[in-house]
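Note that the chains take the letters A, B, C and D in the order they are written out, and that residue 1 is the start of every chain.
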């Protein structure tokens, strides 16, 4: 086992989650590399020091370059606002330091293209933080589909719905301006990533993106409250999406339904330890959706608990990410999802925005994007 | 109490359901008019006689005009294939006889327009058979929305999904040809009717309609397996639909989710005795979707059973329709849903088909249709 | 097809249900015997006449002997209070008329023994009204267990819980006095019947029976609010029961869980169209409880609807009873559950009451009862 | 913040869970005391060294006395087999070192009495490991009941059911001998602890304890497979329990249903992030069980995630225990559940075993036990 110095940029919601993950991932997965919490960076020296003490870092700074440049920092985790992702990542790659970047990869598709180009040109390990697809249930769903368990896929429906802005009287905040903070920029990427992972690349989309509550106490709202999308996957599958931050009653509505010619899968993150599987075999009288509780028989469950049905939670998803990031660094081989995967999500988001403006179907510009990378 | 002679055209699936409903509706609802099963019509004399004996009709015929013209027939129920609806209904209205017509109202929008025009010109009682909206749960959902219980509606998602053609090896049949027998023609009307009833008129739609399995044992498939649709309601609400006969695992997937600014409603016909209601009030810690079991406190439940949670079923929906049809005849006032309502559903279906062909948004042609009626 | 004159005693809750059932059973099941609603009996001439008009009977009476003796009455349905069951049934048997008697069979075990003795001595068709076991789901559960699908049974848990007296301020009524109107006398028989049908005879019980709210507006309560019971079945299986009319939130909590060495079954009447089946086979990763929606593949479903998942309800259970009663009359062979089965349920109830008094295990006195019959 | 040296005895299932918890608890809860993993003890030097490397301890030993006596060990966590608990705990208390002991507190009631006496006599911080009651949902259930939200409690039903020995062909192991490894000794304590926490002390019990599969591949089974119990709480509430390791299909069936005069609560650990609450207020039509998803509004949730419905898991329960243990050490005040609470659970287990032997009701001997302590 070897120690590795970790630097985390951002100490809020996701910064804390990564700090905790790095503290426990070694014991849970018996990793080859063992993280040391070297330095945390925040927007002020005071808050950085607060995070340092709370999470157990050695040092704190309010200067991201200091963190990236520090010789004891051997890997960088970016958990700062989207518009900062690009510069930090480029600086880290320039120094040959592996980068884990929270989603969305950058503030827009231009950012993510540059970041992906830099990552691939440098050959340095890179990863993007789509945590929800990391549950044992969703990992197992991917396996089931890949193995043909439900036959040829004929339909995909996905949503990412929450209700933190369902109340029209909830005040304006940093969340209510900036496209990358709206529903399409901030929530949609998770479910688009899931769709790409479960079904494959998207060929074209037709979207509607809408701000329902234009005024809130404290100011105007300049980004979107909810959005819907129809899509066609490259393999011909028809798909449908809904994204919302005003979905009253929905707390973590990361949910999908997948239909195949031999079966079907249903999942809802609000009951993240269950996967529903229907198989078109055996006598009709015994058919139905089976509620599978995740357990040691499913991917990445056993290191958390030997008992099936005992359940993993949100934080455990981040720990699984940490395990993969450390393993990628150890082997020098990036592990899915890479910056490239994050960029492909952004391409779909970008196409949806274009479609919503034109009112017409929009092809995904990914292929062009790949051209311009070369 | 007065007797009323009933004639039913068609003795299969729906014909039987209506015969049973007319046998029991009087005792259940203590109706003013009491039905007598006068005559049943089927495609052959032999099958008609079989239906007569099985369901307890006085007489049988294989000639629909004989039934409609018979002086003892005081009301007509049409449960024959869609392409026959038009001529039968027009003949009945010409004789001043009330008509209950199964959905879809006719084989296409032209039919339903003519039928609606004839119904309204005649002033005779008319009704169309959307049974699923008749459950106590869905009736209550309508009341909740109308009373503002969940605030202003911001989102509607509806589906009608079944899997009777999910198996690619299921053989071709009468169901696999003719637009009115496809998913958009046959299944979609139920959920479109629900959307109109719950939210209000639809302004425009954007649809994809697809045949997934073009060849089946026994022949080619010439109508659609599944379809998706985005819509905008006239009140501004965004909506999303999915219709499928290949939705593996789904048996009676008539389901909707409705979001408002003060609450939300979820319903799935596969558990038709439960309605899920979320209300954005009280302490956050106690909020959640409430699973309301239907009972005497909900519309049209008590006549079936005094005990809550004891449950109503499919046949009971048809009995509720029968109650309304008899009451309409008794009072001379048509009761929702009338032919007009059936026609409005067909207008949405028609617009969806046009949109799927053009690949563009399609306004609903209903207003024009109304013009041409006048 | 032959007509058969039906007389129903009692026109309230269950009397209505049977009148409706007799009106529609012929059309639904294409029965050989076709019921005619000849006469209804109620406690006053006025209420009897009201029932006659509402349900469509030919005649009405307030004298049960008049009904039983009437030559046009060819079969008798008893839906009057428990203490009246005995005399009516004995009179009917004396005249050679088949009897359907609502549960519980009589006011106590003495009654039910006499009634069972009379039924068996007469050789006349007899049946007792346990309707909940008639759902397609519970019938299928019986088949699954009988066929060994879940292996040797190791555990049974059953409950019948409702909340109509959960509110301590709900006023006293006829329901709050008389052992046969308490929870043990009125609700428990349904689930005890289910246990006997699903697992087999009970050997001994250990029970607690309790009145929680001794005083209610309008008077004292002299029967039980809830009861619990441990049991040992004759086949060695351990079992557990709970019965309650004060189970706040429970509307129709007729629910059971059955564990076997190869699988398990779960059922809850509040979602009566679903049966949950777990089978200990196939890969561990795919195991889980399968939610089976009832459909044409399950017992007695298809006559109500050809579509799976479309659902049956409370009234349909009574119609299934009617079908069996008519068939028994037609063939001269009683069909489960007979008076004997109703008596066996009463034996368990009686033993539970004895156990609750003594605080000790109580053997079921059924064997002795059978002796005294002979 | 101050560091505290932690020693853990046992490196298996629970030992790992506690090591992980001590690694991350500081960052999650910003604790005053920050744990250092000083030493781990296992049954062999080799396995101890393996645990040391895997979990990141400084040192390893196969001699529990060495660990307890080590001056850098400032607190001891006991996660070894039940029969070893007593000696270790007594040694630690003698040295004035706080002890966290896994459940059950000792191998039997004698052990737990001695351990409790020693803990209380020493005045040293002590805690017992009932982790399942630590979920935000179950903590909230306790609050709801304590605040009178569901009125006076009239009924409690609890189970702890798993199926790891449901297969009769599963081989014998250390789990199949020794009363403390049987279902009553090993699984029942969790749910008994829940009952005591939710409802209050138990006055008397009536139990059946059974070995269903006496022979397994590899040897005879000498402890119990499942057990049921009726109880009376001291506050008069009636209760019912079931415990099983052969509950086919049940993975983590720690479940309870609690009825009160104003509401009801239902919980099932297999969906540990949901609590179901029924309240008898408002219009009947809107009543039903509300599925509350845990979130920041519930106890101990927010430090794991700011988003409601995002979910906590098994490991998080252990982290909450760690937080309380550290806080107790910091303040010198033991926090619930203490050894006393663990002992009270054992008293119920012991009474159940006595009842199962005698076939009669058994009073809880706790009061006597308290006498003998004094």
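One rule holds for everything that comes next: a residue touches a chain if its C-beta (ideal position, glycine included) is under 8 Å from a C-beta of that chain, and two chains touch if they have at least 3 such contacts.
All values derive from a computational prediction rather than experimental measurement.
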Far-end chain from subunit A, centres as C-alpha averages: C
Fraction-based call for subunit D against subunit A, same above half, different below: same
Pair exhibiting more inter-chain C-beta contacts, B-D or A-B: A-B
Whole-Å separation of chain centres (CA-atom averages), subunit B against subunit D: 54
Approximate Å spacing (C-alpha centroids) for the pair subunit A, subunit D: 35
Centre-to-centre distance between subunit B and subunit A (centres being mean Cα positions), rounded to whole Å: 42
Touching two or more other chains - residue numbers and ranges from subunit B: 250, 274, 287-289, 293, 295
List of subunit C residues in touch with subunit A within their complex: 140, 274, 277, 283-293, 295, 297-298
Interfacial residue positions of subunit B with respect to subunit A in the complex: 150, 154-155, 157, 166-168, 206, 208, 210, 212, 225-226, 228, 230, 238, 240, 242, 244, 246-250, 259-264, 278, 280, 287-289, 359-361
Contact set on subunit D toward subunit A in their complex: 1, 13, 16-17, 19-20, 23-24, 26-28, 30, 34, 53-56, 162, 164, 250-253, 269-274, 293, 295, 304-316
